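What follows is a pair of complexes built around chain A, which joins chain B in one and chain C in the other.
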Partner chain A sequence: MSDLKNTPEIYLNNYKELTQRWSQNGGIWAQPLREEAMAKFNELGIPTQRHEEWKYTNLTAFKKHQFAPASPEAKNSVSPSDLAPFEFPNLDAYKLVFVDGFFSNELSEYADLEEGIELSSLYSLMHSQRSQEIESQIGKRAVFQNHPFVAMNTAFMSDGIYIRISKKAQIKKPLHLLFVSSAQSQDTMANSRVLIHAEAESKATVIEDYVSLKSSSTRFTNAVGEVSLEANAHLDHLKITREDESSYHIASLAISQEQDSNFNSHNVCLGGRLTRNDISAHLGGTNIECTLNGLVLGNGEQLIDNHTRIVHAEPHCNSFETYKNILAEKARGVFNGKIYVAQDAQKTDAMQSNQSLVLSDDAIMNTKPELEIYADDVRCTHGATIGQLDDDALFYLRTRGIPEDVAQKLLTIAFAREVIEQLPVEEVKETIEQFVYKKLQQDGAALVEVS
Partner chain B sequence: MLEIKNLQAKVEDIQILNGINLTVNPGEVHAIMGPNGSGKSTLAQVLAGREEYEVTGGEVLYKGNDLLELEAEERACEGLFLAFQYPVEIPGVSNSYFLKAAVNAKRKYNGEDEIDAMEFLKLVKTKMKEVEMDEKFLHRAVNEGFSGGEKKRNEVFQMSVLEPQLALLDETDSGLDIDALKVVAEGVNRLRSPERSFVVVTHYQRLLDYIVPDFVHVLHKGKIVKSGDKELALELEAKGYSWIEESVGAA
Partner chain C sequence: MTSSTESIHELSNREYKYGFVTDIENESIPPGLNEDIIRKISAIKKEPEFLLEFRLKAYRHWLTLQEPRWPKVDYPKVDFNEIVYYSAPKPKKKLESLDEVDPELRATFDKLGISIDEQKRISGVAVDAVFDSVSVATTFKKELAEQGIIFSSFSEAVQDHPELIKKYLGTVVPYTDNFYAALNSAVFSDGSFCFIPKGVRCPMELSTYFRINAAGTGQFERTLIVAEESSYVSYLEGCTAPQRDENQLHAAVVELVALDDAQIKYSTVQNWYPGDKDGKGGIYNFVTKRGLCKGHNSKISWTQVETGSAVTWKYPSCILQGDNSIGEFYSVAVTNNYQQADTGTKMVHVGKNTKSTIISKGISAGRGQNSYRGLVKVLKGATNARNFSQCDSMLIGDRCGAHTFPYIEAMNKTAKVEHEATTSKIGEDQLFYLRQRGIDMEDAISMIVNGFCKEVFRELPMEFAIEAQKLLSVSLEGSVG
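Entry: the complex of A and B
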C-alpha cells in the first residue's frame, strides 16, 4: 500500500483502524472488495474542477474538513423525539431509521411488514457468511472505477440496507428510509448503502430521506444506492435531501432495468451546503420505462449538482427526464444530463428537459445536456431554459391585488409544482410544498395560506 | 370616480398617449373605441399600473387621489379591475387558489379577516354559474389551456367575485362568438350599479349592442378626438375609422 499518496492521511489511518475492527467482527468476505476500492479511491483522489465531471463543483472547502468515520454507537444518542420534526403528517409507511449510516432497530417502526418484503441490514450481511445473493448485488451497479466517492463508500461502507421485493409482491405501504446525521463533536462522515432488488412483476415505493440534527460540527453523507429491477417490476424511488446548511451530501444511485420494467426516480434537493447526485440508469431490455425527475431549491451559498445518465441499450424503451432548479441569493446549480442510445436501441423515445429559475443576480446555473446517439430510428428531445419569473404573470397577479413579493413566491411554487405533483406519495407532497414555501419565506415576506 | 387629465405615456421611447382627457363618474359606462395602434390598450395598462409604460405627463385622479402613485396591487385593492385583452396563463396555480389569494389580499388591505373557506366556495360557485363556467375550471391552472372564450369568461368571473368599483375591460369582446359575447355582456350588466363605473375598450361596435354605454370616445394617435353617446359607435361602425382620420385631418 506504499502507493497510497493521493488520499488525505486521515482517511488512510481511519481505513486501517476500521479494517482491524471489521476483521474482529467477522467481516471477512467483503475485505477484498474494500481493498480494491480503497486503492482506487487513492488513485483517483478527491476530484478538482479540472475533472470534466466536477467542472462546476468546487470541493476546496470540503477538503479542509477531516471527516472521521461515524461510529455505530451514535445511534444511542438519538431519541424518537429528535426525529419528530422530520415526520410526514399522515404518512403510513414502514419507517427504517439510520443514524450516521447505521441501522437503528430501536428507532425504526416496521411492524406487520407486508408479505413480499425482505429486509436485512448490510452490517449483518457483511458480518455473516458470504451469500451469493448479496454479492451479486453489491458493487455490481455502482462501480467505483471512475468515481472516487463510490470508491470511498465501497471501502468504508459499514451499514445500510438490503431490500428485496419478492416476485409478484405488490407492496402497498411505502418504505421510508430516514437517514439522520447525529450531533457530533467532530466532523463525521457516514458511508451508507441501499440495495434494492425488485423481483419480477413486483411493485413498491421507497423513500430515501436525508436529514440532520442540530450540531456545531460538519457532517458528510456519502451515499450509494444500487437498484435492480427484474422483468415487469415497478419501483417508485423518492429521494429527499434536507440536511442543514453546513452538510455535504454526495451520492450515487445506479439502476439496472430488465425488460418491461418501470422505474421512477424523484430527486428532491432542498438542503445542504453541497449536494451532488450521480444517477445512472441502464435500460437493458426492451419496452422499459424510466423516469428521472428532479427538483432543486437552493439559496444562501448552497451548491446543488445533479448528474444523470440514461443508457438505452435495447430497442423500444422510453425515458423521461424533467429537472427543475430554483436558485436564489448566491446559490449555484449544476445539471448534466447524459442520454446514451446504443446502436441496437432502435425506436428509443427519450425526452429530457431542464428548466431553471434564477431569482437573483448572484445565483448561477450551469446546465449541460449530452446526447450520444448511435441508433438511427429514435426520437430524442432535450431542452434547457434558464430564466426569471414571467413579468406578464407577475403583473396579472398584482392587478388582482396580490402583493409583488407574494406573487413572486406563488409563481416560484407553481414552477416547482410540476415536479411536486408527480411525487408518488400523496402525504409527502404537502410537506415538500410547505418546505419550499418556508424556504422561500426566509427573506421575511408574509405569505398567503396554502390551500 | 376617475379623472384623467392630459395623460401622456410612452413605452420603449415610443410616445403612445398624447394628452388624454377623460372623466368617468360613478355609475357611468364609457366606451373607448379606436383603430389598432391608437393607444387603447396602453391606456388600460397605464391605469392598471404596468411599469413598462412610463407616464411622461399629466395626471390621473381616482376617487380623488393620485392613482399613478399607487402600485398595481394597491390599485386593485382600492377597487380597480382590469379585464385583460390577453389573460395570462399561470401553470401550477389553480384558479381557486389564485382567486382566494386575491380575495384575501383585498380583505387584508381593508383590515378584514380572511374569507371563510365555505363562504368562499359558495361565492365562487354562485358567480361561476352566472357566467356559465363549469366548476371544473376552479381546479384547473389559471387560464392554462383555456380557449379564447373561456379566458374572457374567466376575466368576467374574477371581476364578479372581486366586485370592483371601476372596471376596465380591454377588448373583452375579441375572439368571442356571439353566445360567449352575450354571457360576458350579461356578466358586466349584472354588475352595473350607481356606484360602479366601467371603461370598455373595444375595436368593434357589436359589444356595445349588449353593454350599452353612456358615452363613446374615439381614440386616435393617443388622443380622444371625438366623444358622443352610443350613436357615435353606430356611426363609426357605418363609416369606418377612416372617417375619423379624415375628419381629424380636416380639422
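Entry: the complex of A and C
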C-alpha cells in the first residue's frame, strides 16, 4: 500500500488501521475488493473542476477537511428523542436507523415485518457464513472504476443494509431508512451502502432519508446504493437529503432493471452545503419503465449537483425524467442528465425535462441535458429552461390583493408541486411541502399561512 | 425496410460529384513545421514585422498545447510534420480582369457550378475565389471600392491595410484560444478580409470559395470581417474539395467584429470530400469561428449547411458584448456513411438585453455520427438576457447516431434560457403518404428532410438556398430505417 501517494494521509492511515478490523470474523473475502478500490481511489484522486463530470462542482473546500471514518460506537450517543424532529407525522413505516452509516438495532422499529421482506445489516452479513450472497451483489452495479467516491466507499464500506423483497411479495408499508450524522468532536465521514434486491413480481417502497444532529464538526456522507429489479418488479425509491448547512453529501445510486420492471426514483435535495448525486439506471430488458424525478431547493451557499444517466439497452422501454431546481440567495444548482440509447434499443421513448427557477442575482444554475442515441426508431426529447416566475401570474395574484412576496412564494410552491405530487407516500408528501414552505420562509419575508 | 437499405446502398455508392484534381503547377515549401517554415511563409508573403511576430508567438504557444480529444469524433492522429503548410498556384502577374485567369482554373470553377462570369453577370455576387491558398481572382472590387468597402484576399489586405489587420487580427479569436486556432495563427496562408465602413450597407452578397487542391496540403484560412457602425454585410462561404485518399486537414479561423448597430450575416455551405463509403479519406474540418458583437444593437447571424468532410469540429459562436446585441445560429449538419460531425455554437451573453437564438438540425444516415454541442452562458451583468435553443435530430438507418450535449449556465435572475431537443426517426407515415401519391422513395425522403431543415434554409441567401437543397438531396436522399 506504500505506493498510494496521491491519497491524503488521513484516509491512508485510517484505511490501514481499519483493514485489521474488517478482515476479522470472516470479512477477509472483501479484502481484495477493498485493495483494488483503494488503488483506484488513489489513482483517480479527489476530482477537480478540470474533470468534465465535476466541471461545476468545486471540491476545494471539501479537500481541506480531514474526515476520519466514523466509529460504530457513535450510535450509543444517540437517543430516540434525538430523532423525534425527523419523524414524518402519521407515517406508518418500518424504521431502520443508521448512525454515521452503522445500523442501530436499538433505534430501529421494525416489529411485525410483513412476509417477503428480508433485512440484514451489511456488516453482519459481510462477516457471516452468508457472505457469498452479497459478494455477487457488491460493486456489480455501482462500479468504482471511474468514480473516486464510489471507490472510496468500496474501500471503506463498513455497514449499511441489504434488503431483499421475495418473489411476488407486495409490501404495504414503506421502509424508512433514516441515516443520521451524529454530533462529533472531529470531522467524520460515513461510508454506507444500501443493497436492494427486488425479486420478480414484487412491489415495495423504500425511503432513504439523510439527516444530521447539531454539531460543530463537519460531516461527510459518502453513500452508495445498488438496486436490482427482476422481471415485473416494482420499486418506488424516495431519497431525501436534509442535513445541516455544513454537511457534505456525495452519493451514487445504480439501478439495474430486468424486463417489465418499474422503477421510480424521487430525489428531494433540501439540505447540505454540498450535495452530489449520481443516479444511473440500466434498462436491460424490454418493456421497462423508469422514472427519475428530482426537486432541488437551494439557498445560502448551498451547491446541489445531480447527475443522472439512463441507459436504454433493450427495445420498447420508456423513461421519464423531471428535475426541478429552485435557487435562492447564493445557491448553485447543477444538473447533468444523460439519456443513452444503444443501437438495439428500438422503440425507445425517453423524455427528460429540467426546469430551474433562479430567484436571486447571486444564484447560478448550470444545466447539461445530454442525448446519446444510436438507434433510429426512437422518440427522445429533452427540454431545459432557466427562468423566473411568470410576470402575468404574479400580476394576477397581486390584483387579488395578495402581497408580492407571498404571491412569489405561492408560485414557487406551485412550481415545486409537480414533483412533490408524484411522491409515492402521502404522509411524506405533506412533510416535504411543509419543509419547502419553511425553507422559502428563511429566504426573505415571512410567509403568511397558506391553506 | 428492404427498399430503404437498397436506397442507402445506392446513395453510398454515388461518387463524389466534385472529386477531380486540377493540374496546376504548385509553389510549395517542404512539409513540416518549425520556426524556419513560418519565417519562410511570412517572407514569401512579404509580411510586415508584426504579423511575423504574431505567427511566431502563436507557434510557440501551439507547442505547449495538446490536441483536443473531447469532441465526440474519432480519427487517426494527425502528423503535423507531414503537412505542407504553404502551397499556391504560381502567380504570373496581378490580374486585372477575369480573362486573365488561368483557363484551366476557370474550367474547374465551371465544373463546380460557380462560373465566375455567371455569378458576376446574373446574380451580382462578388466572388473572391480562393484556390488552394492564394486568391486568384477578385471581382466587383471596383464597385465595392467606390463605397469604401474593402474586400480582398487576406494577403492583399496585409499589404494594403496593415493598420486594420493589426487592429483587429486576433481580437476575437486570440492565438491562445485553442490548439487549432494557435496552429492557424502560426501558419495561415491566406483568406479573406472584409471591411465595411460606417453607415454603409453592402450592396451585394460577398462570397468566397475555398477549395483544397494540391495533395497533402493543409489549408489554413483566415477570414476577418469588420463591420463599422451602422453597416451591414452578408457574406457567403462555400466549399468543395477534390477526391483524395489521404486525409487532409483544414483548420480555419474566422473572426467577425460588429460595432454599434452593425449587422453581419455569415452563411456557409460546406461540401468538402467526406471520404468514400468505407470511411476512407475525406477532409478533417477543425474550424474556429467566432463573432464579437462589440457595439450596442449589433447583430451577428451564422447560418451553416454542413454536408461534407469526414470529420467536422466546428462551433461558430457569438460574444454578445454590446447591450441589446443579438446572436443567431442556424445549422443543418448531415452525416452519412462514416462521417462524423461535432458541431454547435456558443452564445456568451455579456451585455444587457442580449438575445440569442439557436436552431440546429442534425441528420444522420448510414454510419454517420452527428453531435450537437453548445454553450449558452449568461453572465451576471447580462440582465434580461434571453435565449432560445432548439436542436432536432433525425435518424435515417439503424447504424447511425445522434447526440446532444448542450451546456447551459445562467448567472442572474433575469435570464431566460430555453433549450429543447428532440430525436426521432424520419416519419414513416409521411413517407407512406408521399409514396402513395406516386413519389419515389428518394424524392420523398429528400422532400421530408428539406422540410425538416426549412427553418434553416430560409435564413440562407437565395442562391445558396438552392445549392443547399441540391446538396442535401445528393448527400442524403433515399434512406429510411
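Structure notes:
We adopt the following convention: the second predicted complex is superposed on the first by the 442 of 451 C-alpha atoms of A that agree within 3 Å, B and C clash if a C-alpha of one lies under 4 Å from a C-alpha of the other, contacts with A are read in each partner's own complex, and residues count from 1 in each chain.
We take it that a contact is a pair of C-beta atoms (placed from the backbone, for glycine too) under 8 Å apart; a residue touches a chain by one contact, two chains touch by 3 or more.
Treat the numbers as computed from the prediction; the structure is a model and nothing was measured.
Applying the stated clash criterion after superposition on chain A shows that chain B and chain C can sit side by side.
Touched residues of chain A were counted for both chain B and chain C, and C has more of them. Applying the stated contact rule after C-alpha superposition, one finds that A:C380 touches chain C and leaves chain B untouched. Once chain A of one complex is fitted onto chain A of the other, the partner contacts of A:F395 are limited to chain B, with no touch recorded for chain C. Contacts of A:L359 after superposition on the shared chain: chain C is touched, whereas chain B is not. When the two structures are aligned on the shared chain, A:V406 is found in touch with chain B, with no touch to chain C. When the two structures are aligned on the shared chain, A:A414 is found in touch with chain B, with no touch to chain C. With chain A as the common frame, chain A serves as the apex of an angle whose CA-centre rays point to chain B and chain C; its value is 70 degrees, to a multiple of 10. When the two structures are aligned on the shared chain, A:V78 is found in touch with neither chain B nor chain C. Between chain B and chain C the least C-alpha distance in the superposed model amounts to 14 Å. The residues of chain A lying in touch with chain C in their complex are 52, 56, 343, 346, 356, 358-361, 363-388. Of all the residues in chain A, the ones that touch chain B in their complex are 390-393, 395-404, 406-407, 410-411, 413-418, 448-449, 451. Listed in rising order, the residues of chain C touching chain A in the complex are 70, 380, 393, 395-425, 481. Interface residues of chain B facing chain A in the complex, by the touch rule stated above, are 48-52, 71-73, 75-77, 81-82, 84, 87-93, 96-102, 104-106, 109, 114, 117, 141, 158, 162.
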